[in-house]
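First chain A sits with chain B, and in the next complex the same chain sits with chain C.
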Partner chain A sequence: MYVAVKGGERAIDNAHAWLAEERRGDPDVAALDIAQIREQLALAVNRVMAEGSLYDPDLAALAIKQARGDLIEAIFLIRAYRTTLPRLGLSHPIDTGAMAIDRRISATFKDVPGGQVLGPTFDYTHRLLDFALAAEGLEPPAVAEAPVAPDAVPHVAEFLDREGLIQAEVASDATPPDLTREPLNLPAGRALRLQALTRGDEGFVLGMAYSTQRGYGRNHPFVGELRIGAVAVELDIPELGFAVEIGEVTVTECETVNQFVGSKTEPPQFTRGYGLVFGQTERKAISMALVDRALRWEELGEDNVGAPAQDQEFVLYHADNIQATGFLEHIKLPHYVDFQSELELIRKLRREAAVARPEAAE
Partner chain B sequence: MSEYNFAYLDEQTKRMIRRAILKGLAIPGYQVPFASREMPMPYGWGTGGVQVSAATLTPDDTFKVIDQGADDTTNAVSIRKFFEKTAGVATTERTAEATVIQTRHRIPEQELTEDQILVYQVPIPEPLRFLEPSEVETRKMHALEEYGLMHVKLYEDIARHGEIATAYAYPVKVEGRYVMDPSPIPKFDNPKLEMAAIQLFGAGREQRIYALPPYTKVVSLDFEDYPFERTRAPQDCGLCGANDSYLDEVIMDDAGRRMFVCSDTDFCRARREDGHQGAMAAAAEALT
Partner chain C sequence: MAQPDPTNDQRKAWMSLLAKAPAADLARLWAGYDAAPAFTWLRPPEIGMVMVRGRAGAIGAAFNLGEMSVTRCSLKLASGEVGHAYVQGRDTAKAQNAAVIDALMQTEAAPRLRTAVLMPLQAGLAAAADARAGKAAATKVEFFTMVRGENA
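Then we have the complex of A and B:
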């Protein structure tokens, strides 16, 4: 009925009130506080920080609470907040070699200087529901004190680098581009691609990486090294004339070692893929490294086999879940003007078809 | 809302957007890349239009928002409220009173003037996108004025259906140079694209702004023997009796009875206030 499309304003207000009520759930159950989410749903917080491109566990926890646990919605809240923040300056590049390590493994060497540190990982847990967790008040067993890791743990790839077995990365002091400040222009350089991947949707990047493993642009990856830990963030203070540490962030870094048989321009050697993501987010960091490597086909003189993960336009334009979910969900908005013009067109074409084939109209 | 700047965006961002708008006005129909910001509403909800409006509004402006031609559709309400809150500008539902009008999918029926700006929300700014998915390729095609593919598509429509089977987002050529997507307005609205007001098009997710300066020549693509045809439902508005406005078709009851009403609610209201009455005005009155 025509009246049904009226009253949009009241409908919105009522919908928001109902949403607030649903978000709270049963008022007899204690409300979650931000610290609980930050401490106990830390991996969700990490994902929101990584894809929201803003390192702030408390805000990420707030966003998760406000979004009723919908992480893409939470990422959206963080992005919309982040975009209003002034840029105070550019930090120095973080030094992951000086990371305070929580976890550090290499799949390419049995032992490496600095050691293999398993850290807090799900890897060797048996995925059996722990019903004891459902009971309240149970504290986990105390952890034996971890041996103190050395201050600076060398990167595994350096050992291959010394032998010249792995393709060297060229150092650059150029300010990396920022796709949150400049429109994406193609072709995109590696720094920009890495930025897009690190804030890209975990599921999308995982799917792209998985597709390379299954043969769509295969690049034979080994996890040369995966490390997780806190690194210092340093900022030049112009008034002081030197850099000071303004805080620290936890990041996950993954460097893959990939087979490479050589090409017209490069001798046989190992090549690298790189992933760096806020928080303990290793699925994402490994995926990112595989996709990064796949996107490097051109600079390494490899063939483009037409795999989706090799197509930077495809990957970069579709990795952002905020763009994707917005455009996908906008088809819920009214389209009746366009639909009306389609209705008129279909009716007209059917009339014409009926005139052309009178027997079909019977 | 003192935490946010006037009209939400910070002044640096507005300056960046204004530069893109000026470039767009200087090269009518050309898609200018701009560093679209995340807005507090989702992509697809009009973030491009909202950013263009935010960069265009001044405190003295009077703002109107329509979606599907109507001021009271949910998303139009939401965007109008956003600017009431963040810019504190006066808002109106009357087309003639507005200085800036943001629209989704329609051009108002009432002729706009030189004192007005019409801001469109654009989902896919690239008219060639569904013929060529790669942005790298389509930018090249625009640069080389290589529009053969589009004409082949229109020709294939005619070969298959006997006419050009595009009912909305009907492509136009601007000043004899750029092929442009007029946003998903029904092709009924295409002839109105030549107007006195400034027209700005914002595509947030796709990071593009383009523009039509006043009185720009805008030609809907067609062939001499298959000229462009403007279409609307062949009825009169059930409420105001207009026979020249674009109509929405409304299903009235379980039996599927239909009613046709102006999609431009302000136009319809003004006509009824002037005493025009459609065939179903009395019945609709009884329902409200």
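Then we have the complex of A and C:
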């Protein structure tokens, strides 16, 4: 247990002033502004929005600057800020089928209606450092535009659904539980699990997902579809009695098609895992889908093989990097009283042992 | 309370457009329209959040995805019309512009305002969306499965 301490104000003020100076770095180097971070470090901004649970690119960019690029610290700042804002309402569930597609690929169907659209991806780059980016004043290459096909881009799972080959999703507009308003109680239903995963730490969710691929609760995922793009957010306006689109968010959605289940009464069917994350965040969205699928073992009538990714208490209680960092880092705060008692205890034990030892030798 | 006239669908469309339009474009076009109607605040601009929801499996049960910042305000013109704005972000000037235009769109100024502000905003959004869709379309690929050696 840590205890309150007094004093040290001047040292703390000086430490914070030095922090500000270090944050600025060499004054001969131009200072970053928020718009530069928002526009040029967009994937860091996306991660901070997703795990900070607040879609606001300017605020996320500010947090990244303030945190000197420490993304978990930036997420902490966003989480703290969002507690100061009133909640004005709950949106209608977003319609990802109506997404303005930047990227959309399927690993299950080569000739998928709507096409395979690569978008601005790192895939197929050679991962060689591009020293041209270190040179100043270079403009990016011209980007090609092609005529836009007017066809709809249906979800890939729809094709399997139409034939009854994949487990059905039951639509519901019931107000989902909200772990930012009530404590997380177990067992958690799927809605709560999805909320915890989408704001969970990317590294943790990735590690859990990877563990299922390596055999700890294997569930044989195919990326049925990965899509990234902008969707409108619709809100009921209480003063008017109808809904209005109040803005747009860019999201990444991953639907996995997984190994089938069947029973005496049900023919074999594929199952689903689902990932949906703010921003262009595809590593996180794929990871989320794999972990979502692993956590569904009970409702799908599978065995619990004791894999960490099947254990919802383990996954949900350790996915939040702000809870984790808070508890982890608190051990660096003063624990003087606690430690004093430990120190006295060990001295006493050693005294007793020293007295006992000559007797034991006889 | 739903307003009988103009129809809700029209009002929904212009409020959505005002919310999604870039703040700078809205400010420029509104300044160009050159009107400063007197109004009183019913609710001065307030910054808050809206919880954005998704659906499990894209089509299933709703879940909470995360919040987005939103600014809202309501005002009443001297002529009596009430304007509302709910716009993404924390830009109170944008929310005010949107609410004033929402109110004016219920007056006889509507046709002129539609031509001077709403139509250019709509065209700007459509052009930006088309350009993005065009870039995406240029990255559309055809994958060919190759015959593997052991199967040849």
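Keep in mind that, in the parts below, the second predicted complex is superposed on the first by the 339 of 362 C-alpha atoms of A that agree within 3 Å, B and C clash if a C-alpha of one lies under 4 Å from a C-alpha of the other, contacts with A are read in each partner's own complex, and residues count from 1 in each chain.
Here is the rule we go by: contacts are C-beta pairs under 8 Å (C-beta built on N, C-alpha and C of every residue); 3 or more make two chains touch, one makes a residue touch a chain.
If you're wondering where the values come from, they're calculated on a predicted model, not measured in any experiment.
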item: Partner chain in contact with A:R103 - chain B first, chain C second, else both or neither; value: second
item: Partner chain(s) touched by A:G8 [first = chain B, second = chain C, both, neither]; value: first
item: In the superposition, chain B vs chain C on chain A residues touched; value: C
item: Contacts of A:I34 with chain B and chain C, given as first, second, both or neither; value: neither
item: First (chain B), second (chain C), both or neither touched by A:H92; value: second
item: Contacts of A:R82 with chain B and chain C, given as first, second, both or neither; value: both
item: Touching partner for A:A42 - first (chain B), second (chain C), both, neither; value: neither
item: Chain B versus chain C as contact partner of A:P183, first or second or both or neither; value: first
item: Which of chain B and chain C A:Y274 touches, first, second, both or neither; value: second
item: Touching partner for A:E313 - first (chain B), second (chain C), both, neither; value: first
item: Footprint overlap on chain A, where chain B in one structure and chain C in the other make contact; value: 82, 86, 180
item: Chain B-facing residues of chain A, complex; value: 1-3, 5-9, 11-12, 76, 79-80, 82-84, 86, 180-187, 313, 317, 322-323, 325-331, 333-338, 340-345, 348-349, 352
item: Chain C - residues contacting chain A, complex; value: 1-3, 8, 11-12, 15-16, 19-20, 46-70, 72, 74, 84, 86-90, 129-143, 145
item: List of chain A residues in touch with chain C within their complex; value: 49-50, 53-56, 58-59, 82, 85-94, 96-97, 100-103, 110, 115-120, 143-149, 155, 157, 169-176, 178-180, 190-192, 194-195, 198-199, 232-233, 235, 237, 239-249, 251, 253, 255, 272, 274, 276, 278
item: Residues of chain B touching chain A in the complex; value: 4, 8, 10, 33-40, 42-45, 47, 67-70, 72-78, 81, 104-106, 123, 134-136, 161-163, 165, 167-169, 184-188, 205, 207, 231-233, 246-250, 252-253, 259, 261, 263, 284, 287-288
